[in-house]
Amino acid sequence: MASDAQAIRRGVEDLIGAYADCIDEDRLEEWPDLFGDPCRYLVISRSNHEAGMRQGVMYAATRGMLLDRVYTLRHANLFEPHRYRHIVGPIRLKSADGATAIVHSHFMVARIMQGGDTTLFATGRYVDRIDISAEPYRFTERIAVLDSDRIDTLLAIPI
Amino acid sequence: MAHSEQPADDGIHWPSNGISEVPFRVYTDQVTYDREQECLFQGPTWQYLCLEVELADPGDFVSTTMGEVEVIAVRDTEGTINAFVNRCIHRGNLLCMERQGKAKKFTCMYHGWTYDLEGKLTGVTFERGVKNKGGMAPEFRKDEHALRRLRVAVLGGLVFGTFSDTVPDLETWLGPDVTRGLLRVMNRTPYILGRNSQILPNNWKLYIENVKDTYHASILHLFLTTFKINKLTMPGGVFINADGGSHYSYAKLDYAAETAAYKDAGLRSESELQLQDSSIVDSVDEYGDGVSVQILTIFPGMVLQQVRNTIAVRVIRPRGIGKTELEWIHLGFDGDDEAMTERRLRQGNLIGPAGYVAMEDGFIGGFVQRALHYNDDGAGIVMMGGHEAQSQPFKASEAAIRGFWKHYRALMGQ
Amino acid sequence: MAHSEQPADDGIHWPSNGISEVPFRVYTDQVTYDREQECLFQGPTWQYLCLEVELADPGDFVSTTMGEVEVIAVRDTEGTINAFVNRCIHRGNLLCMERQGKAKKFTCMYHGWTYDLEGKLTGVTFERGVKNKGGMAPEFRKDEHALRRLRVAVLGGLVFGTFSDTVPDLETWLGPDVTRGLLRVMNRTPYILGRNSQILPNNWKLYIENVKDTYHASILHLFLTTFKINKLTMPGGVFINADGGSHYSYAKLDYAAETAAYKDAGLRSESELQLQDSSIVDSVDEYGDGVSVQILTIFPGMVLQQVRNTIAVRVIRPRGIGKTELEWIHLGFDGDDEAMTERRLRQGNLIGPAGYVAMEDGFIGGFVQRALHYNDDGAGIVMMGGHEAQSQPFKASEAAIRGFWKHYRALMGQ
Amino acid sequence: MASDAQAIRRGVEDLIGAYADCIDEDRLEEWPDLFGDPCRYLVISRSNHEAGMRQGVMYAATRGMLLDRVYTLRHANLFEPHRYRHIVGPIRLKSADGATAIVHSHFMVARIMQGGDTTLFATGRYVDRIDISAEPYRFTERIAVLDSDRIDTLLAIPI
Amino acid sequence: MAHSEQPADDGIHWPSNGISEVPFRVYTDQVTYDREQECLFQGPTWQYLCLEVELADPGDFVSTTMGEVEVIAVRDTEGTINAFVNRCIHRGNLLCMERQGKAKKFTCMYHGWTYDLEGKLTGVTFERGVKNKGGMAPEFRKDEHALRRLRVAVLGGLVFGTFSDTVPDLETWLGPDVTRGLLRVMNRTPYILGRNSQILPNNWKLYIENVKDTYHASILHLFLTTFKINKLTMPGGVFINADGGSHYSYAKLDYAAETAAYKDAGLRSESELQLQDSSIVDSVDEYGDGVSVQILTIFPGMVLQQVRNTIAVRVIRPRGIGKTELEWIHLGFDGDDEAMTERRLRQGNLIGPAGYVAMEDGFIGGFVQRALHYNDDGAGIVMMGGHEAQSQPFKASEAAIRGFWKHYRALMGQ
Amino acid sequence: MASDAQAIRRGVEDLIGAYADCIDEDRLEEWPDLFGDPCRYLVISRSNHEAGMRQGVMYAATRGMLLDRVYTLRHANLFEPHRYRHIVGPIRLKSADGATAIVHSHFMVARIMQGGDTTLFATGRYVDRIDISAEPYRFTERIAVLDSDRIDTLLAIPI
């Protein structure tokens, strides 16, 4: 009933909000916990995605792979310090049964370098499959479909 | 806008000892950049255009760039692959705007002039005017006009083009070693797993040097040492072709031992210093020769890589003195099963813009560029492994980089 | 930053046969661009400044640009329109920052120097110091200083300015044909329906050529053919003035027949090939002469258009070799009723940045610019309709473009 | 009552979400259906709008004109392939009676060219008059007020 | 990309009368800009690097820029402060990417070469190869290599550096007046309250001139007149050092009377012309000498300000002909109590990018730059207070600006 | 209970929406009323904020200081005319008792100059302390934490 729909929407919004929050505020260690295990996290350009080409830029199939990404970011990769700022638009709840919600949302991500340079780094759409069978909600699948197939310099922090 | 950024030449002064000291100004000088377009990218070099499988049928075309110049590659009705400059003869409009497609002919959208698949001008709208009024000046003969043509060659399923009439045929130019290296990797029919491109904030040469630089890998790429990747690597070597411009380096790996090692690792998963999920390095010896890494470069700006089971072509496209576009074309091969595809995709985390091993290569050139900003006097030192540019059986060497400069100076006349 | 992008001259080499072959480098060379500012935009040409109605009362001013230079046009207390460079004599500050307004005098915000509406320096803050301390050097005489003055002329409610003391008066310079064409369209008192501006990714000359190009319309603009717009158009013609630089082209239309045709069309609205709502082309013959399209250009960069009932001034503002700002000033006229205004607004879908007919003109120049990038050898062919730049009674011709180059070469001394 | 207000807000958010969705995902054919007939769709710069000058950049007064815009975009206009990414901020429900809701929202639109170039193409405010008398809600009027009066190259796809 | 923007020299022609007429082209010419980097920023001038307190302990380092060049300042184990260019000797990589930190040595991330805190090359990875294979060419001697060294001096807790071996020691170079002015403000141990930086859309010289311009304050900064700030200011003066390049100006204030005035004001708070909350100007005479404003400049691009209780260092960093980065380093001092800190923060509204008094200085230079665009003939007039560059007991003068040009011309050889 | 939480969320969203609305639509005179008195409004770079350095770019401790900022903007400061466009992401309600709500939200601000130039001017996060003890809700504290410590030209209009 309505209140349920309401509750699901709120839970989904919280999950999606927590995602942007932990990335932008540099609390990446919380990021893997937002996914189930196994899961699917894929950052891929729209041109590849629409052409049915599966090669992305970043890909994880397990929470372990997410943890490795965070560990590596912290300890085993070098890059100039920078941060993101996500703006995620209103969610589009495409479907929801007791177990799974399919949710789309638009995003813009600005990248801010340590020197202050700010650029519109990425835009696109999150295509999410969310496990709503239990609290806390978790991503079963999150595909970040990038509108552009060009990335400036590198992609270190997940989108 | 070729000339819009062109300054007076500051002169590039090469230190006496040839190719083991590289003047920093080659990365910052606009005149040098413009001459590179002419002497290298429009000069006697073979450059990657596309995969042959992208031009499977007559009419299939790809539009791309060679250096800064827009070009088209197309398979004609006889099945021949032609390539020409993507610039209409009439007023210079970009003839073809699609990146890929199928065409019977090329029609310029501006005034409708048409060209056949060999680039010959076949149609001029209103050539004789409308109702006998207007039309082209009588002495204009359309059969005297065709798009500027490129030579084309195919090797290992890769299509190459050149503006030069004098450069030797592709295999001769590459030499036996590099040809062999290329054919080793491209030993099956490829398909495209996906493309990614990166904008690098640096001069294009800093990236191709980085690829040829066998010296930095174990130092810059902490990931390899942190997780002891390649710890079972056996010494490899470097092959450099005669002119010095093209090369490949390789290393072998005890695949079986590594796999076993990761199995054991499973038992001590508490260890901080190992991957939680090692599937990203879980590799198979798909070439059956134990070689786990082969990096091949073709002068001036192409790379063919095998890093374990990731196969990719990289194209380096200059976009100004301090800007370079790097395109990754990730390949699979006919006959790959789902397990192999998934393996390539997971290993894909090692390479590309977010690659555990490739990431640093994406910004290091930008750091050099920044350090040279208004500070480009003097020369860098490229003396690891001596002063020559010979093939060598070891990797703690900068020989391949010296090779690049050897051929660079020859073509640039410096 | 005029000089910040200025490279060495690469030289522009005009093929022997004059004006029917245009070297591509004129679109890519920085020295050429800078000389254009001097020889054309600051040279012997009359350029659009604003509408006379924008300067209705004494003190009304507009600040705008002529080429790259900031200028001010203002009506003084005698009712004369004056124009001068928008640069303070003291330290060069932009004297006026508002785009439009009303002023009794101009006061520089930086140190408060003041100028009257003729541009004369009338006040210098602390000229004699404070309490007899400081102040301007004694030999400084403010009456020796005034803002650099422009000549001003008004025609058909349009205000023009020039930096030149030698260029003939406006009507003489335009010649009788172009003057007549201008006065035909501007035959009532205009008001501004709105402004839009577009940034074009190309050299300014590619846009003005496009406007003068009577050859491309029926080819590039699919909309016209798709929906058979203008299918009842009757042949028109092209008038080119003596120096070649300015022109107008026109075409007539059987308005009545068209209206009827659309009525019928209503009955077969299932047809894929017609507009669901034809009100965007529902036109009236407001000039009573059956002319449905008149495109008029004034060298170097102004356009006055009548496309059915859309009346607009377009100003082409160079903003660097490969960047141009195009401003659309959409006009109505006193006496328009609501029906006419609504008609103009609906027809507005045909023109401007989103115009069904104008859209392609917004990007085609950028495509040429891209095709010429590092590929600007050779020359384009402008031989449709021969080699001359005469007025012609037909449109399948590039005569008006040749006219542009004729005057261009004369002023550039090429 | 509250639940009604809630329902109206949700319906409005869905309409506005569907609008951005069908444009950004290149399902333009769905776009005209989001408007009533007659309707008013106007893309206009703030400087024109605030000065009371009615000339916009794109204008439709009927659903037929919207359909023509889509048909032309698909078949009768040439331009370099590109996509938009809309981010629409939280709606401001200015008023709502049983028949009509007046709604304002802020937008940013990024344009992504086929080559990958991404730019902040347009920013502004939607000023909407929405028919809420029946499901599905439809725009009676949507004015996209652009903050800038400059458009880069051209405006092919509606904002 | 130092040279990427370098055009042909257009020549800078200084009018006969020396330094009271400044050719506008000095703000628009690329060759001039490039020569400034060499003759001023890499020439005989002392430039701000950091605060001494930022280098409290051995190993503490700061990386910054001098003009366009990346440099590092570090305190070594002997406690000496060293500075050198941030460019690795090997291939020119940016040696240090952190803006601030602590290090025992500097290790280049690219190939691991190491440097001690004096900039000496101490380690070359694989210098002798791996298993005796490869390694550096035998004649390479690492003890022959060190990072390009700067001279360093400290005054009043501020660390300065210079590329010059010939410029006199800092205090001699500044002269007694400017030295005294600097030490007056920096009379306690500072700490950093915060940093802000601004990108100015103009040539760097337009900003430093603005700072030296005692003429504009009461005119451009409406805030001061609107709210009658400083109405109790007493005449101050200007001290200019011998070479003319550095200076300070000051003004006194009757603090007590002002405080009283604001108290009264409280009673008539309906008055439109006063601040609702005057705490942003509620000041104390922290130096006990009644001076409320002291603006000090050090050639070419440093400012030290005391504006009431806001103390800040401003560093002017050229970033291209028409782009400048301005960094504000806001200071407090050891011993400040919470009331003083809050006072400094509230008064902070007067300065910085959003400063009630500083705001106009952030864009006025951009307006000059715009007015000069393709309109840079002629010269500005700097004759307020005559033609000389002497210290003067009054502020309605441009003497300090003339001083700048005096030293500028000397170093540029113009 | 849920409906309360719902009401609080809506009230907070309205306050934050009204803030962006009055700034972007140039109704700055309404801006001070959105704050309590005393209050704390601070625009500060993340690098200063995270380093515990208190110096911001704009700071007000009372409503009087906010009023002075608006008055000065209108009458006592000169700058080239421009406008902002705020896009504020979904709010993150960190805590709420009967008296106070702690709310975080992400923002992007585009700046549009009179000539039409549009740039991504600022990105960051609002950290808000909101008095929800009575209608209308008001900011007790609003800290605009800017991701970049660089500001283009100047900061005249509050973020």
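Note that the chains take the letters A, B, C, D, E and F in the order they are written out, and that residue 1 is the start of every chain.
Simple rule for what comes next: a residue touches a chain if its C-beta (ideal position, glycine included) is under 8 Å from a C-beta of that chain, and two chains touch if they have at least 3 such contacts.
In this text the structure is predicted, and so the values were computed from the model without any measurement.
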Between subunit D and subunit E, the fewest steps along chains that touch one another: 2
If you apply the touch rule, which chains end up adjacent to both subunit A and subunit E? B, F
Please identify which chain has its centre, taken as the mean of its CA atoms, farthest from the centre of subunit D. E
Between copies subunit B and subunit C, are the contact residues mostly the same numbers or mostly different, with half as the line? different
Quick one: point me to the chain whose Cα centre is farthest from that of subunit F. B
Just give me the whole-number Å value for how far the CA centre of subunit A lies from that of subunit D. 27
Quick one: report the Å distance separating subunit B from subunit D, using the average Cα coordinate of each chain. 43
Where in subunit D do residues touch at least two different other chains? 78, 80, 87, 90, 108, 116, 120, 149-150
Multi-chain contact residues (two or more partners), subunit C: 5, 7-8, 30, 97, 109, 197, 220, 360, 367
Pairwise, the chains that touch are A-B, A-D, A-E, A-F, B-C, B-D, B-E, C-D, C-E, C-F, D-F, E-F
Touching residues of subunit C toward subunit E in the complex: what are they? 1-8, 30, 34, 37, 67-70, 85-95, 97, 109-112, 125-126, 129-130, 133-137, 140
Subunit F contacts subunit C in the complex at 78, 80, 114, 116
For the complex, give me every residue of subunit E touching subunit F. 192-201, 220, 222-223, 226-227, 275-277, 279-280, 325, 330, 341, 345-346, 348-349, 352-354, 356, 359-360, 362-363, 366-367
Touching subunit F in the complex, subunit D uses residues 2, 46, 87, 89-90, 92, 104, 106-108, 120, 122-125, 147-150
State the interface residues of subunit C toward subunit B in the complex, per the touch definition above. 5, 7-8, 10, 20, 22, 24-25, 28-30, 33, 209, 215-216, 219-220, 320-322, 360, 364, 367-376, 380-387, 392-397
